[in-house]
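Scrolling down, you'll hit the structures one after another.
In the two assemblies presented below, subunit A is common to both, partnered first by subunit B and then by subunit C.
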Partner chain A sequence: MRLVPRNSVAFVLGLVVIAACAFGSFLTEAPNRLTSGYPLSLGEAADKPLLMVLVSCGVALLAGSFAPATKRNALALLAIAMTALLYLFFTAGRIATTIMASAPPATRVSFGWAFWTSGACLAILIFLALQKRETWMRLVIVAVVAVALTLMARAGQFDGLSLMREYAARQGDFAVELTRHCLLVLISVGIALALGVPLGIYVARTQGAGKVIFGTLNLLQTVPSIALFGLLIAPLSALGLGGIGMVPAVIALVLYALLPIVRNTQTGIIGVDRFLIDAAAGMGMNSRQIFWRVELPLGMPVFVAGLRIVIVQTIGLAVVAALIGAGGLGSFVFEGIGEYAIDLVLLGAIPAILLALTADFLLALTASLLERKRTA
Partner chain B sequence: MIELQHVGKSYGDKTIIADLSFTVERGAFCAVIGPSGSGKSTSLRLINRLIDLTSGTIRVGGEDIMSLPPEQLRRRIGYAIQSVGLFPHWTIEDNIATVPRLLKWSEAKVKQRVEELFALLQLDPATTRLKYPHQLSGGQQQRIGVARALAADPDILLMDEPFGALDPLTRQSLRTELARIHKATGKTILLVTHDIDEALELGDVIAILRDGKLVQFGTPADILAKPANDFVRDFMGGASLGLKLLSLGHVRDHLRPDAAEGIAVPADAPLTEALSQMVLRRTDRLPVKDTNGKPAGSIFLSDLVG
Partner chain C sequence: MSKRSLWRDPLIWLSALFVFFLVGMSLLRPVFAWAFPTIQPPIYGGDSFLMLWLFHAGLVIVSSLAAAIVGVGAAIVATRKAGEEFRPLLEALATIGQTFPPAAVLAISVPAFGYGAVPTFMALFLYGILPVLKNSLAGIAGVPEAVRDAGTGMGLTPWQILRDIELPLAAPTILAGIRISVIVNIGTAAIGSTVGAITLGTPIIGGLVSDKISYVIQGAIVIGLFAILTDMLFERLDQRLRQFAARA
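Up next is the complex of A and B:
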């Protein structure tokens, strides 16, 4: 075995995971949901078998980072990282359940920084390993992790954790706000597409139109989201549309979504080779046929890349929209901030992040399927 | 038939084509040559209205091109370009079927036509039909480009340096193939090229352009024998003009019944090949064989200049 690890990223991340789990605060225990808890390291909280499995995962990661970079070793590393990540969740749930069994019911067990750090390191490892894999493999791995976590949650493995207790208390609200959040994003992106795609086509076809339109859209993009939401209140109230609620939120989200949509539509169309347009025209396609049959399909990958940016961005911005009464996952975040109940903030933030990741992942899959047909 | 009458094209003060007139008879193969910037591609694109002319008239099959909507006109004219322009996201079959589908042919008719074209171009439909363009070699792509131009069975084919980007060997074989297709289909073809030998080999008539003006128009033999001016003489080969002229003739047209010694040259070889063999073998006469390899007589050095 060489003394220098071949996979230095895996080595460093593995070290961080081990160090965090060995010395860091894995969970925190607080007497109630509003006070900050005191740290619990894995050494104090976990029983021997739990600890052993986690330690062996860490050691395996370190050992794996010294192995030659063959496909089999890479897959083994991926499997170890996945096991470790799932086991991290399992352990956290298990410890929380044990603590709650003997603690007063108001007690809250939350994730500590060591949990977040090692979880993030493992997620990065998995993500890096997946980048080199085929599309179907990425889909399978992500599905396995998702299903495993869902099954554990269903089985009540996480019921002792504060986050799940916040969820249990707000179950009805949660479904409503999640739906509302999705609706907010879908409506905004839908409207932005309906406006932005024709605008992008127009800009691509018209000399000099880009300057004015991109100038305006760039300016809009620089306005901080909270300011834009605020700025819309007065004019909309004057129009009788109401300054708060869904309407101003959708308008603001649409304005932010326009720039990436218009820009990527334009880039996609302009990026199609000149001689293909020439051939299409020379064979007698009219401009509408050239658009639908040549420019649109060939510009699609660039367009989908833009859509990815837009959807992820809108899911994030829609959290802020809760400030002006649009509802959505942001309402948990802001309520949590107001009460200084961090786990309530997380109840809004984590699903928003997961939503963004899922949408991004699905669109990336679509893009790679589109790309595969014509790798010239 | 393609008729250009006093055709002009200018962008503002800049004249690209000035007073261009010539006629390509039905079924003829016309090669348009000239140095770069002479307006040869532009003249081609004026015909299918990819560029609109500034003055003059162009008639295709007797009809003024301005009397038809450009899309309809273009669907009646085959068009092949240098960069091939096959759509990368469509299969070979779909690429070939482009114009027939624009003309809303029934799928059965389209399928049948695609089959015919595969046969005409001697391509194997089983291995190429469902492939994507990037899976084929440059030469194969260019053949598909030609098949696509022929798909709706147009009377006229416009080709803009279709073999420009290919290696010499592939070029030569496609040239031979194009000559065969021209003979088999009887299309009127207008081919833009900057390659003199290509023009001489393929063209029934040649139009030489310079600075947007027609310098000379005529059969290859005419142009080589009587170049209109020094520019044409130099452009067509200068000192080797005689050899180019010789390459237009065939051994079969200069046969003598006399016998000769040595390895025979084929009767359908160009005269340059006979001359080359005479020089190599240091002789003034060669035996000739017909296409079956049977003795067909002989050819003498003195006949080459006669």
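Up next is the complex of A and C:
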């Protein structure tokens, strides 16, 4: 073993995890949901056996960063990081349950910064390890972590944590707002696709049409969401459509979604090799056949890349739409901010982030499958 | 540029319009009073729009400047021999971070930094690093190895290669990253008024809460113009940079 770590990234991230867990506030305990809590470190709050597991994970992570960068060692490091991440959640839930068993019911146990920091470091380590792996493996690993966390949540492991108690109190609302958020995104992206794809094809086929269309869409993209939402209120209420609610939100989201869709549709089509189109024409295909059999399949990866940008962007902008009464996860965020209830803020913000990450992951997966099909 | 085309320049008359809205919003009182007869007073009566804009612009400038320094600095370190192991990490952070909704980043900075301008500044700063970092990494790493070798052959030190070759060649890409960061930050700073920062978003949020649509429109016009003008300025800067690079 050398004295210099071979995997400096794993070494540094491992050190951060250990330092945060050793000295930082892993959880906080507050007398009620509106006050900020006092910190609890892992050492003083966790059961001895769980602490042992976490310490071993930390030591293994550091030791692993000195091992040569073979495939087997990389897989071992991945397994350690996954175990550590799952145990981190398990331990947090366990501590919260123990505290809640003897504390007054208004007590709130929340995640502290040490939990977030070490969780983020481990997630990044897993992400980096998966970057070099095959598509199926990425899917399997992410699914394993997601299923394990869901099973723990189902079994009530996290019921003592403030976030879950906030969820339990608002379970019905949560389902409604989550559905509404997804609906906002799907409707807006659907309309934007129906408008943007033909527009993109038109721009690709027509000389000089791009300048005006892209100029306009660029301008719209520049206007901050809150301003565009605000500007749509007056004309819509004058038209009797109601200035507040889903309608202005969907219109604004469609306007934002158009630029990436039109741009990537156009780039996808223009990017197809001229030679291939000539060859297809030489084989006797008409322009419709050329579009469906040559341009569409070859331009697909670029189009999917655009779709990925659009969906992630729309999920994020839909959070702001709650300000004009469109509902969605943003309504928890802004309600929570309004009443100083941090856990309510997180009940909106964390699912919104997870939604964006999930959509990004699935579309990246689709893109890499398309890419493989194309090169095969 | 001839005298005639100067007046055709949208930057000039949009700037004039912007200044008019900043200092002369009260001149539009009759218009808003006619359009929204029930709203009293018809013009937002809190801080003046000029004041709100100064707060807003100050927040954006300071946070984006700090983000640009950190982003470019980290990219420089990660493209040196000593730091190249950390490049995948930084690339991953920039990519994953940008999928986070800006409003959600603002929201989660409240538990960490409380209410007011501080969490808004921190959210703008942290989120602003990502596009700068991503573009700087791509820009510096995209400098052809042959150009670098030529510099070494000419006897340039690593520092001179960075200053005279890598940074100038990467400048348009880095500027594009700073532009994204600033434009996103203008929008997020506006939402920052929900957590208590005083920005041009304050009349919008106040108007939405108290159902005074004219305030929403006034705030929205000023923010929209501010963002569009800033983007145009970056467009000009980009053209200058490219002309300069082409001449050099």
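Points to keep in mind about this one:
Methods note: the second predicted complex is superposed on the first by the 375 of 376 C-alpha atoms of A that agree within 3 Å, B and C clash if a C-alpha of one lies under 4 Å from a C-alpha of the other, contacts with A are read in each partner's own complex, and residues count from 1 in each chain.
Heads up, the rule we're going with is that a residue touches a chain if its C-beta (ideal position, glycine included) is under 8 Å from a C-beta of that chain, and two chains touch if they have at least 3 such contacts.
On a predicted model such as this, the values are computed, not experimentally measured, just so you know.
Applying the stated contact rule after C-alpha superposition, one finds that A:P260 touches neither subunit B nor subunit C. Contact with neither subunit B nor subunit C is seen for A:G200 once the two complexes are overlaid on the shared chain. In the superposed model, A:I233 lies in contact with subunit C only, and not with subunit B. In the superposition on chain A, no contact is made by A:G328 with either subunit B or subunit C.
In the superposition on chain A, contact of A:L219 is made with subunit C only, not with subunit B.
Looking at the superposed arrangement, the partner reaching more residues of subunit A, out of subunit B and subunit C, is C.
In the superposed pair of complexes, A:A281 makes contact with subunit B only, with no contact to subunit C. Overlaid on A, the two complexes show subunit B and subunit C touching no common residue of subunit A.
Interface residues of subunit A facing subunit C in the complex, by the touch rule stated above, are 7-9, 12-13, 113, 124, 127-128, 131, 218-219, 222-231, 233-234, 237, 243, 312, 315-317, 319-320, 323-324, 330, 333-334, 336-337, 340, 342, 345-346, 348-350, 352-353, 356-357, 360.
Within the complex formed with subunit A, the residues of subunit B that make contact are 45, 48, 50, 70-76, 79, 81-89, 98-99, 102, 132-134, 148-149, 158. Interface of subunit A with subunit B (complex): residues 273, 275-276, 278-286, 289, 293-294, 297-298, 373-376. Contact residues of subunit C toward subunit A in the complex are 35, 85-86, 88-89, 92-93, 96, 99-104, 107-108, 110-112, 115, 183, 186-187, 190-191, 194-195, 201, 204-205, 207-208, 213, 216-217, 219-221, 223-224, 227-228, 231.
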